[in-house]
Structure formats: structure tokens, C-alpha cells
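A short worksheet on the structure shown next.
Each chain gets a letter, A, B, C and D, in the order it is written, and its residues are counted from 1.
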Amino acid sequence: MEDILVVYKEKPDLTDPILIEGLPGVGNVGKLAAEHLVDQLKAEKFVDIYSKYFPPQVLVDDSGIVKLVNNEMYYVKRDGAKHDMIVLIGDYQGLTPDGQYELADRMLKMAQELGVKMIFTLGGYGLGKLVEKPRVLGAVSHEDLVPKMKELGVTFSKGEPGSGIVGASGLLLGLGKVYGMRSVCLMGETSGYFVDPKAAQAVLEVLSKVLEVELDFSDLEDKAEQIDLLTSKLKDTEPQQEPRKEDLGYIG
Amino acid sequence: MEDILVVYKEKPDLTDPILIEGLPGVGNVGKLAAEHLVDQLKAEKFVDIYSKYFPPQVLVDDSGIVKLVNNEMYYVKRDGAKHDMIVLIGDYQGLTPDGQYELADRMLKMAQELGVKMIFTLGGYGLGKLVEKPRVLGAVSHEDLVPKMKELGVTFSKGEPGSGIVGASGLLLGLGKVYGMRSVCLMGETSGYFVDPKAAQAVLEVLSKVLEVELDFSDLEDKAEQIDLLTSKLKDTEPQQEPRKEDLGYIG
Amino acid sequence: MEDILVVYKEKPDLTDPILIEGLPGVGNVGKLAAEHLVDQLKAEKFVDIYSKYFPPQVLVDDSGIVKLVNNEMYYVKRDGAKHDMIVLIGDYQGLTPDGQYELADRMLKMAQELGVKMIFTLGGYGLGKLVEKPRVLGAVSHEDLVPKMKELGVTFSKGEPGSGIVGASGLLLGLGKVYGMRSVCLMGETSGYFVDPKAAQAVLEVLSKVLEVELDFSDLEDKAEQIDLLTSKLKDTEPQQEPRKEDLGYIG
Amino acid sequence: MEDILVVYKEKPDLTDPILIEGLPGVGNVGKLAAEHLVDQLKAEKFVDIYSKYFPPQVLVDDSGIVKLVNNEMYYVKRDGAKHDMIVLIGDYQGLTPDGQYELADRMLKMAQELGVKMIFTLGGYGLGKLVEKPRVLGAVSHEDLVPKMKELGVTFSKGEPGSGIVGASGLLLGLGKVYGMRSVCLMGETSGYFVDPKAAQAVLEVLSKVLEVELDFSDLEDKAEQIDLLTSKLKDTEPQQEPRKEDLGYIG
């Protein structure tokens, strides 16, 4: 079979479109954000991407109907706006390093064919501890994008992320740069322990300024509350530690 | 070498054939069921499928004769019936995700060439606990297949299987759907701890209604008894737990 | 690069040659046996086989000269004998299942080109315990080879080896059979804990009858003695267990 | 995408160039040495090598600019010298054995195209213990290189390195030899626990004699001091072992 099987429903005619990627990853921040964008902007699916680099697996929906795991692209046409949008979401990223490269390369070529010159990739930046108010960290392909992003509240912090960016969010930037495309990665801080709607919202708040769209976040806020409830319940069921005597000098 | 080496003994001329897959998996339910079908219907082998996606291994039979591990297809011609059958069995599934995809793709193309439009894949649904009377869960490619399967006793249960279907039984459905084929996966509930002839029989009882064939299950029932014997022996050798006092209120 | 890089020093003109394979494996039985054959028969190397399926590694000899790890074929021309010989030895087997298949396929095609119709593969049969007098187990491609091998002292034992034969020794038989070649695998019983010259000798004693050659085994016997010495020393350095009091009732 | 994507900035015209490789490895000895060479000789980058055999990752510099992980070649033109130089450095080696082979093969073909006939690969030889004064071990493609290297202080020691040389430093020698190229591997002894500038300097001291260049080592010496400081601090923070009574017989 073809290593990557691309099945178009239509090839949309778009105005200087921006590609926005949100695939599964740390805290599923990118996936949550991109799916929220698809919902809010009533984006239209135009292509299914299947591949032997994904797990050999079907998902089963609530009616018992199967769907081969895939990645999908949606478009948003916006009358009068400077930029239409393409949103890339999916069930999985490529399973192997070379699969990751092959998929990113293909996505970029599809995007170029549709006229994409600018890419935003969305992801989480795992801190390994609970985050009260997540910052949004940035990384860019070209230097002049740094001040523009700083203006919108993005943090550029020396040495963060120290280990670089792994997976689709990194490759679309890095390989896209080799192909002459401009790009920004927006990373919402997250514990990395749970799916993190709060970090997704932080990322989208930046992105909505870039894209000049208004987004309703009540869905994500509901999800964040549910997660908060869950995590606080988990805390309650943890065995309570009795204060140790030596910590309580004033009792004597 | 060719990635997949297909050696035909003959290319049968079949009437609107249905493909039935039963490869090794959870509780070997699908394999047991499909092999029982081959035995009972005196199906004729017509093709050997070797591949570098299988283990690099030969099996040795009781006379000392080797056989390279493979997958095999059998056919059943049925005078006057609406559908002939093709049964796919084998020693192994593909070892890697991409091998799984390549093999499923090839099987589907071979099936299409033989006129297959409908596929049944057989498997086990592992519960991680002993099952007294296994249900048969279903998943389908197209919505109209759900009520038809329900009529034959198949259970469609929201959220089951929650993690989707992995391997050949899933891929033949999912990839087949992309290629325009209709399909059903029948999953017999099983502990997953042992090969499970009882679950295989449950699956075949549904399938025999679909195919309008009568099957003798005494072989599978014998095997099930042997397994039951084995598992009950295992229980006996487990250290006996003394009844705990608090369980014995009536003694107090 | 080519997946398998074959560098011929010469293409020998051989009379109905028999291929003998001995690559690293359980107890290195096959490798020891085939290398001993090369030494004793003063076989001539005629081809180097390099491959990306081997480890990315060079070996360094005692003078500091590197050699890329490889497989090699040697030939033995025998005036007046019915069969010349080709001996396949090497540093490694393929690292991955598909690499194993690709390599075995290539070796078989090289062998066919040189006129090989019959293959002997040599290996160890790991028992997981020390073996006093190793039997030589057999597995064959065609039924009529069983009685011939039994006559030469080879054991064919129902259910042994239960898990089949994995790796080059298995694949050359199984894939060779698909390609119409006849073959025998000779497996010397071994603990599998050490390299096992004794098992190698047992295998060669059978093979020398097949090939009608006389072999001097003093080298292998020396090695076997060294191994015996080593293993008995290991036993001596094990902490001696003092007899426990409760075992010594007669002292009471 | 192409498995290996080579992006030339220029194709330099070089005089009988020598290729020097220093990629990440044990103690990062080769990488440190080759990067030091690039700095000291103000070498000019002329090509970027990207590949799906590297991790799917971008690095982010202190300004927030991404760079797809890669290997790079630099050249040094030297007026009047017999040999110009090409230095190969990079973020990673290939992740898989076959990736290692594909990359080494490609590097060698690129080098041959630029006229390279002689290769030096730089690496560490891990001892698993702290090394006061690291020796430089050698391995070569052709016997006549041994005395030449011995003259320059390189040690050739029977049985070292016992397990051969794994990775790019080994493959460039071994595969290069198959392609008719001459080569030397210089291995600086290192504990392998830390990046080891001292071992890198030892390797460069030999190489500077071969290349007839003068190198300033103050940078490496500074780094070595920092490492020394760090390791001695680590020692100090280890829990101090109280002398056990039985060790102090003279107190008794």
C-alpha cells in the first residue's frame, strides 16, 4: 500500500491560508486547542490521511461504527479576512521517528500545494508539576517573528524548552523551515499529568489574536472544571499524612 | 525478496464470496473459530502468503518436516448458495504496525480480485476475568449492518471495545471501508488468559446464521472441557485461603 | 546504499554443490561447526556479504586492522566427489525479522546461481541444562530425507523443537523449500549457556558422513576441554553450601 | 521525503582533502574534538544533512529560533598545505542500525565526490572508571597506517577495543574500506560518565600532528576544569562513610 494514503473530499480554494496543527501530545494541549478551533469556527473537513505509520487500529463509535485511525485537515473560509485557515487534527502522531518525518513532509507538501506560507503548531510544555496560570512559550522559524509574538503575550525564555520540540509540532517547524516556510510553535504550560483544557485555552487566546477571530471558551472552561474536580478528588483520596511530631516543636 | 510473497495453488471462481478472517489474537478466539470452519466445511486451501513481516521462523511437524510460517486462504464453494466463502487463517499476524498495514492491504486486494464485497473478522474481546457465558460484541463498517447483526444476537454496547480494535481484525474493517468494502467484526468475550474454544463457539454460532451453514461444535466443546479441566486444576493447586473470621458471622 | 552489498572475489565453477550454513546462534554450535569445516577442508573464501541488516560495527583484529562485520561464503572443490561444497559463516545474523528474510532470500538466490539444490543448516538446540552426550536433532524440507538422516544417527523427536526453528537455520530451510530446494537442519543439543564445541562436534560427525569427508576433531576437543575446565571452575567458586543441621538427622 | 536530504550552500573545490568525523558518542569525545577543530580553524559550513534516521526533533536556540536536528560538513582551505580538510559534526547519529549504514554510505559518497581518500574518525574509548592521563587508541583500515600512527603516539593494543567500534566512527572506516578509502579511528580513553574535554584534547594532539596544524587548547582545558570541579563536588556530596571499626585495628 502507499505509505501515506491521502483521500481528498475536496480541494478547497483558499486565500493565503495559515496552517494550524494540533495533534496528540503532552497534556493533549494541541489536540484540545485545534479541535476547539474546528468546533468554534465550524471548519469543514476536506481530507483524510491514513498511514502505515499510525497504529494498526480502528476506533469504534457509540453506534458500533468503525473508523480507521487517521489525521484530518479542515478548512475555514473567511470572507474579507486576509487569511483562510487549515486545521490539522488527528487520532495519533506517527509511531516511529521515520514515520514522523514522512508524515510531516507529506503534510507540508499538501499545505504548500494549498498555498500555505505560515504555520502555527500547538502543543504542551510539560512541567511535571501543577500549573496555576499557564504561560504560553514560543519558538519560531525566523527571528522577526519573535517580537511579533512577544507583543501577543508569548514568552520566549532562554533555555526553554531545553530539550527542543519533539514530534509533529517540532518537525513542521524545522522541516518547514528547510522548505522555506515561516512558522511558530505555541506551547501551553501544563503539568503533563492530565489532558489540560486550561493550557489549551491559554494557547488559543494567543492564537485568536493572531487569527483575529473571537472564540467562546465556555466548553474548554467546563472541561477544565471537570478536570479540576477530578484532580482535587484524587487528592482527597490520598492517605492524609499525619503531621510528624518533630515538625511540631511548639507542641512540646 | 518481495515484502509479501503470494503463492497460488489455484485461483478459484467464486460466487459473491464472503471473506472470513481468523488470525491469532486474544484467547486465539478468531483463529480457533476460523480453523473450525475450515475443518467443518472441508474448505480447500488455494493460496500461501509468506512475508518478511512474519517472524523469521519455521514450524516443525510431528514427522520433522518444516513449514515456513505463513497465512493461508481457503475457499468453500456452495451449490445454490448466494455466497461462497473465503477463510483466512495463519500462524501469525504481522510483527510491526507497518507490516500489519501492508498485509491487510494485500489481503484486501486479493479478496477484491476474487470478488469479495463483504468481510467478517473474528476475534476475542478480553475481559481480564473468567466469563461464564460469553456475549458476542460487534463492530461494523456501515450503519445498516447494526440492526441486522443485532437480530442475530450480536451485542452493540456503547464504549465497548473502548480502545478500538487492534490488528488484522480491525484493519480489514477500517482499511476495507476506505476501499469501499462492507464488514463486521465479531468479538467473543474471553478472559484472555487461555485459548478459549467457548468464545470461538459463541462467535461461530452467530456466523453460522449469517452464512446459513450448520456446524457441529463437538470438537470445540471437547476442547473447552479440556481447558475447563486445566483451569480448575490450576485453581486446586492454588494455596487454599482459610475463610476469614469476619466472613463467618453465623459461627460467632 | 544497497540493502545487501555482495562483493565477489571470484565466482567458482562448482559440481552440484551443497550449501552448509553455520551462523551465530544458540551455543554458537552452527558457527563453531562451520568454521571448523572451513579450517579442516581449507575452504576458499569467494564472497563477502555486507548489509545494513547487520550491526553498524567494525571488528578490530590484533594488529589494529578493522573489518566491517559481514557474512562470508567459502567453497571446497573436491576432485571426483559428487558434490562440491559452499560454507556460509559470519559475524552476525540479521538484526531484525525483515532483515533475516532479506538476507536468507539473497543467500538462497546466490546459492541457486551457483547450482545449489541441497542445503544443510547447522545449529544448537538449547535445553537449558548441561548435556553429557548431545544428540543431533533433525528437521527436513521433504519427507524422504527423514529415513536417510535417521540412518546417519540423527534423531527425529515428536514435539522437538516445539517452538520451531528461528533465524537463518530455519529460514534457509523454509524459504528454500518455497523456492524448490531440499534441505536438512542439524541441531546439536546444548545447554545454551556457553559456546559448545561438543555439540558442534556431534553435528559435524553426522555431516561428515553425509559429505563423505574425514574431519580431525582435536581442535574442537581442545576447546571443549577448556570450556569444561571453565565451567567446573565456576562451580568451584560458587559459595559452598554448608549442610543445614535439619538435613543431618543422624547427628541429632 | 528523501531518506537523507542534503542541502549544499556551496560545493568547495578542495586539494586532496582529509575527512575528519566527530559525532556524538561515548563521552562526546569525537564531537568535542571536531567542534573544537571547526572553531580553531574557522572552518566554513558548506552543507546541511537532514534525515528521517535522526530524531524527529528541533532544537531551540537562546533567541527562540528552531533548527531541525542535522549533521553538517565544514571545510578548511589551507594555502600551500598538501591537504585541505572536511569536518563532519552533528547533533545526533542515526537512530537505527540501517539508518547508521545509510548515513555512513551517503557521507562517504559525498566525501568521495569532493576528492576524499583519507578519513580520520574521532571517538571515545569508555573505560568505566576515571582516567588520569588518557591514551589515544587507534584502529586503521590498512596495515601500513599502524607504524605511522604509532610514531605520533597512538597506542595499538591487542584486544582493545574488544567489542569493535560501533556507530559512525566504525562504519566510516569499515564501509570506507569496502569502497577503497584509507582511514584511521582515534579513540581517546574516557570514563564515559561525563563529556570529556580531556580525552578530546588527547585525540586532537595526535590529529594536529597528522594535519600539521597548531591548535590552542585553552577552551578545552577550561571545560575540563569545569568538569573536574563538578565531579569533585559530586564526590563531596556523597555520604561520607564512617570508618568501620574492624578496619581500625590499631585503635582496638
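Just so we're on the same page, contacts are C-beta pairs under 8 Å (C-beta built on N, C-alpha and C of every residue); 3 or more make two chains touch, one makes a residue touch a chain.
From a predicted model like this one, the values you see are computed outputs, not experimental measurements.
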Query raised in the report: Rounded to the nearest 5 degrees, what angle rotates chain A onto chain D on CA?
Result: 90
Query raised in the report: Since chain B and chain C are copies that touch, is their contact same (over half of the numbers shared) or different (under half)?
Result: different
Requested in this report: Would you kindly tell me how far, in whole Å, the mean C-alpha position of chain B lies from that of chain A?
Outcome: 38
Requested in this report: Could you please state the distance in Å, as a whole number, between where the Cα atoms of chain B are centred and where those of chain D are centred?
Outcome: 53
Query raised in the report: For chain C, what residues touch not just one other chain but two or more?
Result: none
Query - Full enumeration of touching chain pairs - result: A-B, A-D, B-C, C-D
Report summary line: Per the touch rule, the chain D residues reaching chain A in their complex are 1, 3, 5, 7, 48, 50-60, 62-69, 95, 99
Query raised in the report: In the complex formed with chain C, which residues of chain D make contact?
Result: 94, 97-98, 100-102, 104-106, 138-143, 146, 156, 158-161, 164-168, 170-171, 173-175, 177-178, 183, 185
